[in-house]
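I'd like to ask you about the structure that follows.
So that you can tell them apart, the chains are marked A, B and C in the order they are listed, and the count of residues begins at 1 in each.
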Amino acid sequence: MSVALDSKLGTAWKKPPFISSRRVRIGFLIVALLYLFLATLGTKGLANWLAVFGIVEEGFKFGRIDRFFSGIDVNWSRIERGLARGMQFIEGFMNPDFTSRLDDIKQGMYESVVMTVASTVVGIGISIPIALGAARNIAPLPVYLFCRFVITVSRALNELIVAIILVAILGFGPLAGFITLSFATIGFLAKLLAEEIEDMNKVQAEAVQSTGASWLQRINFGVQPQVMPRLIGLSMYRLDINFRESAVLGLVGAGGIGATLNTAFDRYEFGTVAAILLIIIATVMVLEYLSGIIRARIK
Amino acid sequence: MPSIEKNGLKVWQVRDQKAQLTRWGMWFALVVAFVWSWQAISDNTLWALMGNVGEVTVDIAGRAVPPRWSYMDKLWKPIWDTLNIATLGTVISLFIAVPVAFMAARNTTPSRVFVRPIALLIIVSSRSVNSLIWALLFVSIVGPGVFAGLLAISIRSIGFCAKLLYEAIEEIDENQVEAITATGAKRWQIMVYGIVPQIMPAFAGIAVFRWDINIRESTVLGLVGAGGIGLQLSSSLNTIAWPQVSLILLVILVAVVISEWVSAKVRGAII
Amino acid sequence: MLQLNGLTKVYNTGDKALSDVTLSIPKGQVVALIGPSGAGKSTLIRCVNRLVEPTSGSAVLDDVNITTLGSGRLRKMRRRMGMIFQEYALVERLTVMENVLSGRLGYVGFWRSFLRKFPQSDVDEAYRLLDRVGLLAMADKRADELSGGQRQRVGICRALIQDPSLLLVDEPTASLDPKTSRQIMRLICELCEERGLAAIINIHDVALAQMFVERVIGLETGKVVFDGGPTELTPEVLTQIYGEEDWEATIEKVEDEDEEAKA
């Protein structure tokens, strides 16, 4: 029996903690708990608890910050009234109403589909050159920086915010939605495609280069075959996302089924709401199924 | 290699004729779909009004700059609310997503016939509906405010997190589970010792990833009255207060950049 | 002590992995189970602790028929059968100590194990075992930081801390280099002798098996085709188990090594 063992026998064993410093660990815990308190119950809730432990007096106020950290207001009487509406919504799902707003739904779906297809095609068309430019292994530095900048801007701006600005400039209608979705597609597709190009097998591209091929020929023979399956898969996925997004752009006036949905919500026509949501869900599922088949076939 | 006879000569081709035709057919269909779509958009656009797009843009940009910095005083509280919607929403959704994921994963579900389809249904319906639409719904049920936004983000995130998590559960190393089973451990002990340690990195990654997305989404929930900075954006837009709009957009941009940076850092630290 | 009677396993696919295996292993005997891949070695030991449900037949350990136990009693029975795996099957993201202590899961309640509050006697035993296999200093390292041989030692500790009367060992050396393989086999056999444990060791390295065990069972397409001492493994027997091949080299090599060991 070794000395090391002797010293350990009889001593308690504890799992080594994730954060080794005890101070940091406790500090982290306190900050997290304090945040949870302030975010949910606010300073008022915190004061109540401190009062329970006798640290402060009953009815203690923190002063100005009480208004800031107000916690989450839950208006129970409003919810009680709203629950009836929730039930109506569930009933609407049991009994969706496809017929009474059929024309609106048709028009909305038509616009959504049109926006989705057009924006996906245009978005992919622009994404490919940008992806090539944003791949460090084939693009020169200035081009790389510019393309990365375009991608970052596109990813940072929420679709809805872009749509709002475009609606303000271009007026209501699907054109604003189309441009919004095309722009959003670039951030998504170009980024993932660029990463794919950066990860690809260098030897194949080098082999093509060694034959004396030009830059375009290199892309065509060395890069394209490697990233093509991924490009098609991502495009299908983006088609799916664009359709889902087109369903909300209507909320800010950028065309599509979202406008019809918004109107139905405003009129509390939950039967129609349910019908539209079911159509959206069904379309998304069909698209997912199709893209699954296509992705499986090209692999 | 396929080749065809042409004037008595063999001509090499990459694909045989049938495959070539299918390819052209698919490209043709794509072009037709695009032209048709573009036509439809064009028909619904008043091109006559587009003549002064440049002027309008310059006009709006002129009004929006400089941002009204003093409005910042009124934005701190909505920023705090937005952060809370995203963070609490992620936490709540994780609490629900974990059991749903265990019920949906083929190797941990209590019943493949009864429980698994229900779990998958929860995931699909949560995922297919955009958080803004969930927000519309909850605003009409619980009234406008942070609470509606919190519910919308939580419900929307369940499907996302549960899907990624159940895929991670299905990919675990079964040998480790088998080894724990062989010690005579009970069902829950097998879960805690054999499965949970294996999915911990995936879980943390998913949580941070979704939190990042939720920050972005909660900035616009206010547009439908579900709390956060979007409320200020909405009211500024309604009163055509462009200097305020530009300030809010700037704030959102900064918030998104920070959240992306934080999530990248945290993910880097975990994995 | 362990008695298998007509143990048969037919998989859902219709593959017959085991057919009518009958054998008995007395207390403290270490048995090597040899045979080509797919002969049913893994299935056999998994049918004993019912990680795989046998189709028919029975496995009886100390007069308890394991095959008919309900899930609660089966868990109690599994505690008495320690298992060691081919790819170590440690929970990689847990520490060495947690992996060893996980062998006690069948003895402690859920919350104790969840909070890692194992009884002091278990902790002491874990330290003793780790010391015995030379890994005491590694106790708080994460399992995925260890080398293959070290991981297998932890796997051995996990099986032994169950306080079993039988060890089920599935290809313990398949993922290890030749030197470590021998060390691990020696360690397993020594520990079995120290503690008077019976063991069934699946192994495809015939030479290694002959070196360490007192009894060899040959399995071929789910049937027992050989049962005897290591010296009785003649080329004819090996041909019967594995098929035609030049076996002289394999067997001679073993004898050489034995000479070395004696010298």
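One rule holds for everything that comes next: contacts are C-beta pairs under 8 Å (C-beta built on N, C-alpha and C of every residue); 3 or more make two chains touch, one makes a residue touch a chain.
Since we're looking at a predicted model, the values are computed, not measured.
S.K.: What pair of chains has the most C-beta pairs in contact?
M.R.: So the pair of chains linked by the most contacts is A-B.
S.K.: Suppose chain centres are the mean of their C-alpha atoms. Which chain sits farthest from chain B?
M.R.: Ranked by distance of C-alpha centres from chain B, the top chain is C.
S.K.: Just the number, please: Cα centre separation of chain A and chain B in whole Å.
M.R.: Whole-Å distance between the two chain centres: 2.
S.K.: Per the centroid of Cα atoms for each chain, what is the distance between chain B and chain C, given in Å?
M.R.: Taking the mean C-alpha position of each chain, the two centres sit 48 Å apart.
S.K.: Mark out which residues of chain C touch at least two other chains, giving numbers and ranges.
M.R.: 98
S.K.: Which residues, counting only chain C, touch chain A once they are in their complex?
M.R.: 95, 97-98, 101, 116, 118, 120, 123-124, 126-128, 131, 136-137, 139-140
S.K.: Give the list of chain A residues in touch with chain B in this complex.
M.R.: Result: residues 35, 39-40, 67-69, 72-75, 78-79, 82-83, 85-86, 89, 110-111, 113-115, 117-118, 121, 156-158, 160-161, 164, 168-171, 173-175, 178, 244-245, 247-248, 251-252, 255, 261-262, 265, 268, 273, 277, 280-281, 284-285 of chain A touch chain B.
S.K.: Could you pull out which chain B residues touch chain A in their complex?
M.R.: 30, 33-34, 36-38, 40-41, 44-46, 49-50, 53, 56-57, 60, 76-77, 80, 83-84, 87-88, 124-125, 128-130, 132-133, 136-137, 140-143, 145-147, 150, 216-217, 219-220, 223-224, 233, 237, 249, 252-253, 256-257
S.K.: Touching residues of chain B toward chain C in the complex: what are they?
M.R.: Those in contact with chain C are residues 173, 175-176, 178-186, 188-189, 192-194, 197-198, 200-201.
S.K.: Can you tell me which positions in chain A touch chain C when the two form their complex?
M.R.: 1-2, 4-5, 8-16
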